[in-house]
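Following this line, the structures themselves.
In what comes next, chain A is part of two complexes: it sits with chain B in the first one and with chain C in the second one.
Then we have the complex of A and B:
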């Protein structure tokens, strides 16, 4: 019993440690002044309003959504069918996808950036496309996990065969039977990928730099100039991440629920 | 069934992307690290291994990664023990919260710590006001400041990796051990920890690799001034001093070897754990 209470205290401490920086930064975004006490001396919406009137921020936000969203959509179009084909028809090659997943996961942006700059910086390819391509590959682990988990829950091969036996065409069997069953898991993987890419800084900063100012780069600039504006950016970032996390949790639950049918 | 040609059509774009944006850059980096204008050379590696500044960066990264991983691991081992005793809905909420904080890394995380502990951070001012000497001399822009941030982003990852491993320890085992006369402590020492050990080692190596490759928080906090491997590589390719892609490649290859080793250890441990649970 005594050990349990020690564990509980450590758990509470951990939660406090994880939440304190988030809560403090969010409060800071609404404080007019906060220098003398534990709580802000006054509350204001000034910083958020300023931020929303700043076209540079709105554009940065748009670029982030475009880049992260674009990479996720390309991944869904290119990677998902490839995973389907391998899992359903060439299962003995699946271990190579797993090798690729571990490799992608093991090489952080800082290492990949060196190679990408080496190969592409001198041959005239727009570097933003290079980052986009690297993003598509970078989210392979999340997309694979999302697709694989939902495929494991259903016997996809049998479902497809049954549908075709009952007269469905190959396309019908795929879009009407298989896609709806794997959809929640896949969507959760896509949202997770989006949130990871939305927070990506290393590649975009090193490979492209401020020529393509995303929210992360905008935030980096504001870090040294205005703490209040920076905290407003982080506030919006946290709200967005919160919404995405919540959506992912619901979708994951739903895709697990499908297993019990 | 689909034909060979169809499946080939679906696989080609994917393979092309992996080739273009992953394999080719990494291979080219490897080749670059071994070459100069005259051809094959080991000069870059020689200069890395004799450059005290770069070696210092490696050492700083290694200590920061090992210590942050150990602390996060120990704290999480206790915390997960507490979590497994909560009810299912509470556990789910905790895991969602953990997922949220795992997204809170890089620049936003560094900024949050600046708000709390930076030069005019909330706690910094409070410590000054209360005149807590030891604490007011603390600097966020130093090794210990970075350690706090590294521990922060290790914690959610450690929790998400350890939770399923803990969950695998079955209630029946505990009951069986108790029936045979083992105390709780004996159960954990003789059954629980040994079963979980490969998983713990695996978690440690993922955490270690995670910290070795981290760049954004340290960059945001110290703007390339604090000497870490990742920061050195960034400075060498961005040309903060002057760009030296060959040297950067050699350092990156050495870092990659460290990380791949860590990931292989974790893969091995995952297989080992899966066999037991």
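Then we have the complex of A and C:
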């Protein structure tokens, strides 16, 4: 009984430690004034409204969506078919994808940024495209795991064989059978990748900086000018990430449900 | 000319030979079985017939047409897989209709043929269920219906019943044979279960190490095994070396074969004229339903099978004379 109470107390402190800064930041985004009291002295939507009226923020938001979304779409078009082909037809090469996945995790952002600047800044490639390319590679682990786990749940090769023997072309078998079967896992991987890239700061700040101002760079600027506005940015970010996490959770559950074949 | 002709089929993976000089002829409307232990190459033959795997050498003809180089979807060959391979994103009805949709059959005909097939496999009330909502037996019936509905020239069945429990398997064996006879469909069944092969086949090809070890009707294979492998694989034959058997029966046997096979159920306790006698001590008795299988130890160990009836149980530790007709002692090559 004592042990349980102790565990509950530790859990409570841990939750307070984790949630307090988030709750405080979110409250700060809605407080009209909060200087000399424990709780805000008044609530307002002023900061949120100001933020949405700020063209710079809307543009930064658009850039973030464009960059993260673009990288995810390119990854889906380029990486997913490659993973399918390797897993289904050349399984012996799959270990090389796994090596690439580990390498992505093992490179710190700062090293990657310095490397990219040194290699690409002198050859005339727009640095934003370099960041985009790095993002596409950077989300390989999420896309790979999402696709691989979905493929593991079904005998994909046999589904393709069955569809072809029933008169489907390889493309029809892929689009009508395999893609709908692995879709939940794939989409969860894509959403996860998007949320990771949307919050990415190190690479975009070091390689491109304010020449391509994303939400994260905008947030950093606002930190020194207005705490309320910065808190409002964090609020929007948290709401967006919350929605994405919720969608991923639902899709993952649906994907697991499909394994009981 | 036979409906399906397979000539000189070879398959190699790197340096490993999987199939070696396979020759087969199959008549229209027959259900033939490729029987053999795991890894003997029987599923590879099916995949080559379906066009899912290329042969290293050899030729397959279907209705006189050479199949080499023909795409799987053009071969008009159906296949039922061991793991069913049902499309998880589609209902039973959609699964069955898939082949017809690929053939662009009009909706009226499609609906009629799907309903007909649902009726044949007794799944009309499950038409809107998803594969994960069905039992193993039901899933296998959907797989069968999906393959049959496109009216293939030949239906390939790759161990379709092996994942099911014994009772359902027996029921589906009967259903499968009934459907095959009703539709007059040519089928090639792959199995490692000799009882299943015996129960459903017109002809059995027994395979070993990528080669056809023997073929014939179930009765021919069972009553006249040509090698020790067949004798051991197809039943519980007693395989006894010539010298040991001659010592046991006290007389010389004709021919120069080194080994002989005796079916356990060919042994009996009552002596009849001209019978040979094998003497042994009963050491073990196993009952499997209607059969009592007794192991006896004499100059060699042998088993005798009797119907599970009063007076047929042998007393352990006691000496018995077991008799066998001369024509039931089969010389192995």
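Points to keep in mind about this one:
Keep this in mind: the second predicted complex is superposed on the first by the 259 of 261 C-alpha atoms of A that agree within 3 Å, B and C clash if a C-alpha of one lies under 4 Å from a C-alpha of the other, contacts with A are read in each partner's own complex, and residues count from 1 in each chain.
In this text, contacts are C-beta pairs under 8 Å (C-beta built on N, C-alpha and C of every residue); 3 or more make two chains touch, one makes a residue touch a chain.
It should be emphasised that the depicted structure is a prediction, and the values quoted were computed from it without experimental measurement.
If you put the two complexes together on chain A, you find that chain B and chain C both fit without a clash. Contact comparison for chain A: of chain B and chain C, B touches the greater number of residues. In the superposed model, A:45 makes contact with neither chain B nor chain C. For the three-chain arrangement built by superposition, the Cα-centre angle with chain A at its corner and chain B and chain C at its ends equals 100°, in steps of 10. By the document's definition of touching, of the two partners only chain B reaches A:10; chain C does not.
When the shared chain is aligned, chain B comes close enough to touch A:223, but chain C does not. Contacts of A:154 after superposition: chain C is touched, whereas chain B is not reached. Look at A:96: by the touch rule set out above, it reaches neither chain B nor chain C. Least inter-chain distance for chain B and chain C in the combined superposition, rounded to the nearest angstrom, is 7, based on C-alpha atoms.
Across the complex, chain C meets chain A through its residues 50, 52, 71-73, 75, 77-79, 81, 83, 85-89, 98-99, 102-103, 131-132, 146-147, 150. Here chain B touches chain A in the complex through residues 1-2, 7, 10-11, 13-15, 17-18, 20-22, 24-29, 32, 75-76, 78-79, 81-83, 85, 92, 94, 96-101, 103-116, 120, 122, 125-126, 129, 151-152, 155-156, 159, 184, 209, 212-216, 219-220, 230, 233-234, 237-238, 245, 248-249, 252, 255-256, 259-260, 262-263, 267, going by the rule given at the top. Of all the residues in chain A, the ones that touch chain B in their complex are 3-4, 6-8, 10-11, 13-15, 17-22, 24-25, 28, 34-36, 38, 78-79, 81-82, 84-86, 89-90, 100, 102-120, 130, 133-134, 136-137, 140, 170, 195-196, 199-202, 205-206, 209, 216, 219-220, 223, 227, 230-231, 233-234, 237-238, 241-242, 244-246, 248-249. By the touch criterion given at the top, residues 154-155, 158-159, 161-169, 172, 177, 180-181, 257-258, 260-261 of chain A touch chain C in their complex.
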